[in-house]
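My questions all concern the structure below.
Chain lettering (A, B and C) follows the sequence in which the chains are written, and residue indices restart at 1 in each chain.
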Amino acid sequence: MHKLTGTAASLYEEVRDLPIVSPHGHCDPEWFATNAPFPDPAALLVVPDHYVFRMLYSQGVPLRYLGIGEAGKDVDPRSVFRLFAKNWFLFLGTPSHFWMTYVLTQTLGVSAALSEETADQIYDQIAEKLEQPAFRPRALYDRFGIEVLATTDGALDDLNHHQTIADSGWNGRVVPTFRPDGVLDPSNPDFRANIVQLALLTGEDTESYSGYLAALRQRRAMFKALGATATDHAIEQIHTEWLGDPDVLFQKLRRGAGSTQDAQAFYGHMLVEMAQMSVEDGLVMQIHGGSRRNTNHLILDRFGRDKGADIPIAVDWVRGLEALLNRVGNTPGFSLLLFTLDETTYARELAPMAGHWPCLRIGPPWWFHDSAAGIARYFDQVVETAGYHNLAGFNDDTRAFLSIPARHDLWRRGVALHLEQQVTRGVFDLADARQLAPLLANDLARNAYRLAS
Amino acid sequence: MHKLTGTAASLYEEVRDLPIVSPHGHCDPEWFATNAPFPDPAALLVVPDHYVFRMLYSQGVPLRYLGIGEAGKDVDPRSVFRLFAKNWFLFLGTPSHFWMTYVLTQTLGVSAALSEETADQIYDQIAEKLEQPAFRPRALYDRFGIEVLATTDGALDDLNHHQTIADSGWNGRVVPTFRPDGVLDPSNPDFRANIVQLALLTGEDTESYSGYLAALRQRRAMFKALGATATDHAIEQIHTEWLGDPDVLFQKLRRGAGSTQDAQAFYGHMLVEMAQMSVEDGLVMQIHGGSRRNTNHLILDRFGRDKGADIPIAVDWVRGLEALLNRVGNTPGFSLLLFTLDETTYARELAPMAGHWPCLRIGPPWWFHDSAAGIARYFDQVVETAGYHNLAGFNDDTRAFLSIPARHDLWRRGVALHLEQQVTRGVFDLADARQLAPLLANDLARNAYRLAS
Amino acid sequence: MHKLTGTAASLYEEVRDLPIVSPHGHCDPEWFATNAPFPDPAALLVVPDHYVFRMLYSQGVPLRYLGIGEAGKDVDPRSVFRLFAKNWFLFLGTPSHFWMTYVLTQTLGVSAALSEETADQIYDQIAEKLEQPAFRPRALYDRFGIEVLATTDGALDDLNHHQTIADSGWNGRVVPTFRPDGVLDPSNPDFRANIVQLALLTGEDTESYSGYLAALRQRRAMFKALGATATDHAIEQIHTEWLGDPDVLFQKLRRGAGSTQDAQAFYGHMLVEMAQMSVEDGLVMQIHGGSRRNTNHLILDRFGRDKGADIPIAVDWVRGLEALLNRVGNTPGFSLLLFTLDETTYARELAPMAGHWPCLRIGPPWWFHDSAAGIARYFDQVVETAGYHNLAGFNDDTRAFLSIPARHDLWRRGVALHLEQQVTRGVFDLADARQLAPLLANDLARNAYRLAS
């Protein structure tokens, strides 16, 4: 557990128990719709967590032994958990070690240290917990002090689970996020089929560009009706452009006739269209840039997406966003949150950009950088140029539901350490730090995502 | 105010009051030529400082309300100052906060904390000061302990203000710097007109390449005669090359017929010509690389250049300077100072290059990186490979005259903290640190710019 | 000397005297084959150390005065040493200062501080030492506590010195490393001659692609027979690809008819072939990427390679290795160690890649980054994503034999400081740190290079 003393400890105490605002992540809305118990400790803690199994795979543990994919579906969850426990030492020094320890001790009440020897005993303890009502998704949501939790949902998602939640009368606030990459990016193998599907879902004629835009507007409205306040885009290379006649390219790509350049140009144009729709409907736009997906083709073929082989690459936010920003970047009310995996862009690009454009806010340290040292580097490199008010606070971006309190806790510790350092160095005084602590803990996130209710 | 204790405090004390050597910046020579009072607090502290108004703009404050541009020219300066004061909290954690606090308390004797409530009172206090003789430009120059101050002047500048200063018998040393980008870079919209202007100014036939070179030599000589010791180039992408027959391209570009590639090639060639002229006339060459200018087109159109929308991009010093360095980099007496906004090049490119080429010195942390954390990162990343003697000391690079002492003070604090850390870690002992402190405070700058008189 | 106190000091004590595993470097095997005395202090400490003479050259000292190259071969070694001593102050803050001080005080028993005044006296002291049996290469190897030392040897090297060492009955373990760039990279000016030479050396018909592969296999086997456990590749741009019909390109390039693109494609293909041969024969593959060699053409022409003008450039490991990794990256038993001069790739590329691919290990901070701050940045940026077990431990990569203990000592101090920091921050406890210290000191290196005997 990351230790705090002195000023840091007292700043942390002031924000430790504040409600959790979780405006971006990948939890499954089905959990909260059905409120069914989580099946078993391995399915809860190992199988869905690519941070965990990528590390095991990197040290030679086959994914199928970890219950991943078709090949792993009949593997005994207890043996998965044992394998994880046996290799627990590999995680020393990683944020997963902190998160998992937090989950085991704080959330699941496990006191024994995880190891090959204690694996079975801990497995049983957790399995027993999971049968209790207090460990069902909605109960945990309450216990975690979550104020609002956003999921991430494809543009073609029927949002039935979100509808169920809305209809249920439950006091929790779980909202969708509009992630339309599958219907915007022609390089997606399913793009053409998705466009057809989009027509079926909306009743719009997506064979025309205007019908396609109308369908997108309709989907955005549907998401908004179910509580969405934001959209999200995951793109590898940052590229935007404004096409004079997008319909020409749309027709070409819809026929499957476009080149890679055509696809990139069209997708770049659609990001600007999305920004313009955000101006209209007020949905906050997010761009997660620079992850090269599925770099291990064998793993993709055998086990599917999101299996630990997504690797960051260098990106160019400045030239990449130029077309979009020059079209809507000065428009009041437009808000665009940027997430980077290329830390070199913190001080070089994102902080200067967010310190100028009214629409921009810098997202928190993302993915591999959502860690103690990653948080320290983030503050070190963004604050001097962007200040605090151009930041978008924290989000956990996780599909590991149980890790949410752990991740917010790590952030709050990182905030406390950073503010203590600022006070010690004389950058500002303790009174300033005490005002900034809750801002960074959840106010900035709530405001950036327009989640104040 | 950045706190120092122990060794850092004592190292700082030794250099705090050393004369200020300001070898690169953007002060207006007219201030020192006419020695007129500064008009009002807003015109002094807000309107000319793009660090200040970019932050306000990023949080939705329209530039015209800040007195910027034509649209803002009739705005009451008091209301500009109020708006700034009201948003002062946005600057927490930024170097502007330190600089402004220093200026208000140390230079202007303001004791109240800046806020919406105190805005008017502070405005009046400053306005009153500005009427006093002690707050005129020359008096402040003396009071600041400035030994020499270099301005930055276009190649077509008539240097009248510098001539006036030289003729005035004033004891201050304000020298010009030769910044010829406007007559070298064919991508500049005014390039062709500038070439004509260059002919008128020099009497040389700039329709021929040899006449063009002669005109440039003549301008350099004129700058040198008025005290210049350096040239300066601001370039976006680092690119140099040596053309076999530059006249062909020159004629094409002079007719407005060249491509973007032609323009880049010619400018790359001219940088080498400039380096060769530096070998001849001894002017130190500076390259400020990697700022993408005017990325916000609406702001450029309405408010002009230098309005906070210049954003850094990644650069490649190694291949970019290869042609120039292989032509003159081994020539004794040639000196080239490099400034980067891409901090990734500190350890990867600049320190190894400066640790090899006799002509190279690394400029101080520039622009967004001229800050407490920026200075710490700079030392961390350049010293181990380049040592201290391949650095060019500090320069403030500011157009905010009053901030000069604050900026040098922040640097000297940063130097003291760095040296204390080196002593604590056992890298060298206190005696070494005491020798390095004044070197870094102003000796390196004075030597790098050949300003020892 | 870098100071350690408290926990760091005690962790350091535990690993300080562990055997030195030196799995990658550039010592000359002839030293251990002949065991002749080193000629003189300059030839030992100055002339072969590009870290040393590049700094002197950067401050205007001509290389010929330092005894470098043909031009310097008749220079009095004493005058070389004097020049070095006179300029010793330039090295303040660099790792060379630490290494040289360690060598002088710990290895050579020099107590006087190096300076112009003490130069002659120290020269004499060292010269006297070099005549003693205790200062011959083998005696120093023993005294340094070296367990194994790998040299780096071209594919066409006859390995006679290694054979002599093997036949000598000496207890030292000095093994070759297979560095085949000269016979793989068609952009090498000697490529075609080297292919012919390869045929002569192996008896294979290197005019056919299959014969060429057979010759390479034979050379690998020969290296392995003399103890090699690894190969090594130094490449500027990371590029790999798999050619459908490599023979076509091979024939074209063998005739000298290929383009630059052809050469790059072929070399990229051969790296994959090398990886596949590593799967067959178990040699660990190393890639040292991103050094642009010989950027100073005048120095290359007059003084040759490795003269301080090799400068790092930005690299792209992700796309560069994609072809290779997708061919053999999931194959059990394959091991690939990556070394970067572009520190931005630590957290962005190498740690995520090594935290996924079973074959990958991250090499230690290399060259300019093998320094106190470089080591700190390395740990800060790789551990959270890669953990400790995906690291390849330390190697000294030096051609300055006497500096080996100093370099391993600096690493071990850096390890102790890092682990102390982790304990202080509460990332893990002291017991964990005590287990990690020897792992990082030499176990990881021994395992990564398969040098456990």
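Keep this in mind: contacts are C-beta pairs under 8 Å (C-beta built on N, C-alpha and C of every residue); 3 or more make two chains touch, one makes a residue touch a chain.
Just so you know, these numbers come straight off a predicted model, no measurement behind them.
Judged by shared residue numbers over all numbers used at their interface, chain B and chain C contact each other through mostly different positions, with under half in common. Its C-alpha atoms fitted onto chain B, chain A is found rotated by 120°, rounded in steps of 5.
Distance between chain centres (mean CA atoms), chain B to chain C: 40 Å. Annotation for chain C: residues touching 2 or more other chains are 314, 344.
Residues of chain C that touch chain A in their complex: 314, 316, 318-319, 322, 325-326, 329-330, 332, 344, 347-349, 351-358, 360, 380-381, 383-390, 422, 424-428, 432, 436.
The touching residues of chain A, when paired with chain C in their complex, are 1-3, 54-55, 57-60, 90-95, 97-98, 292, 295-299, 308-314, 341-344, 368-369, 371-374, 377.
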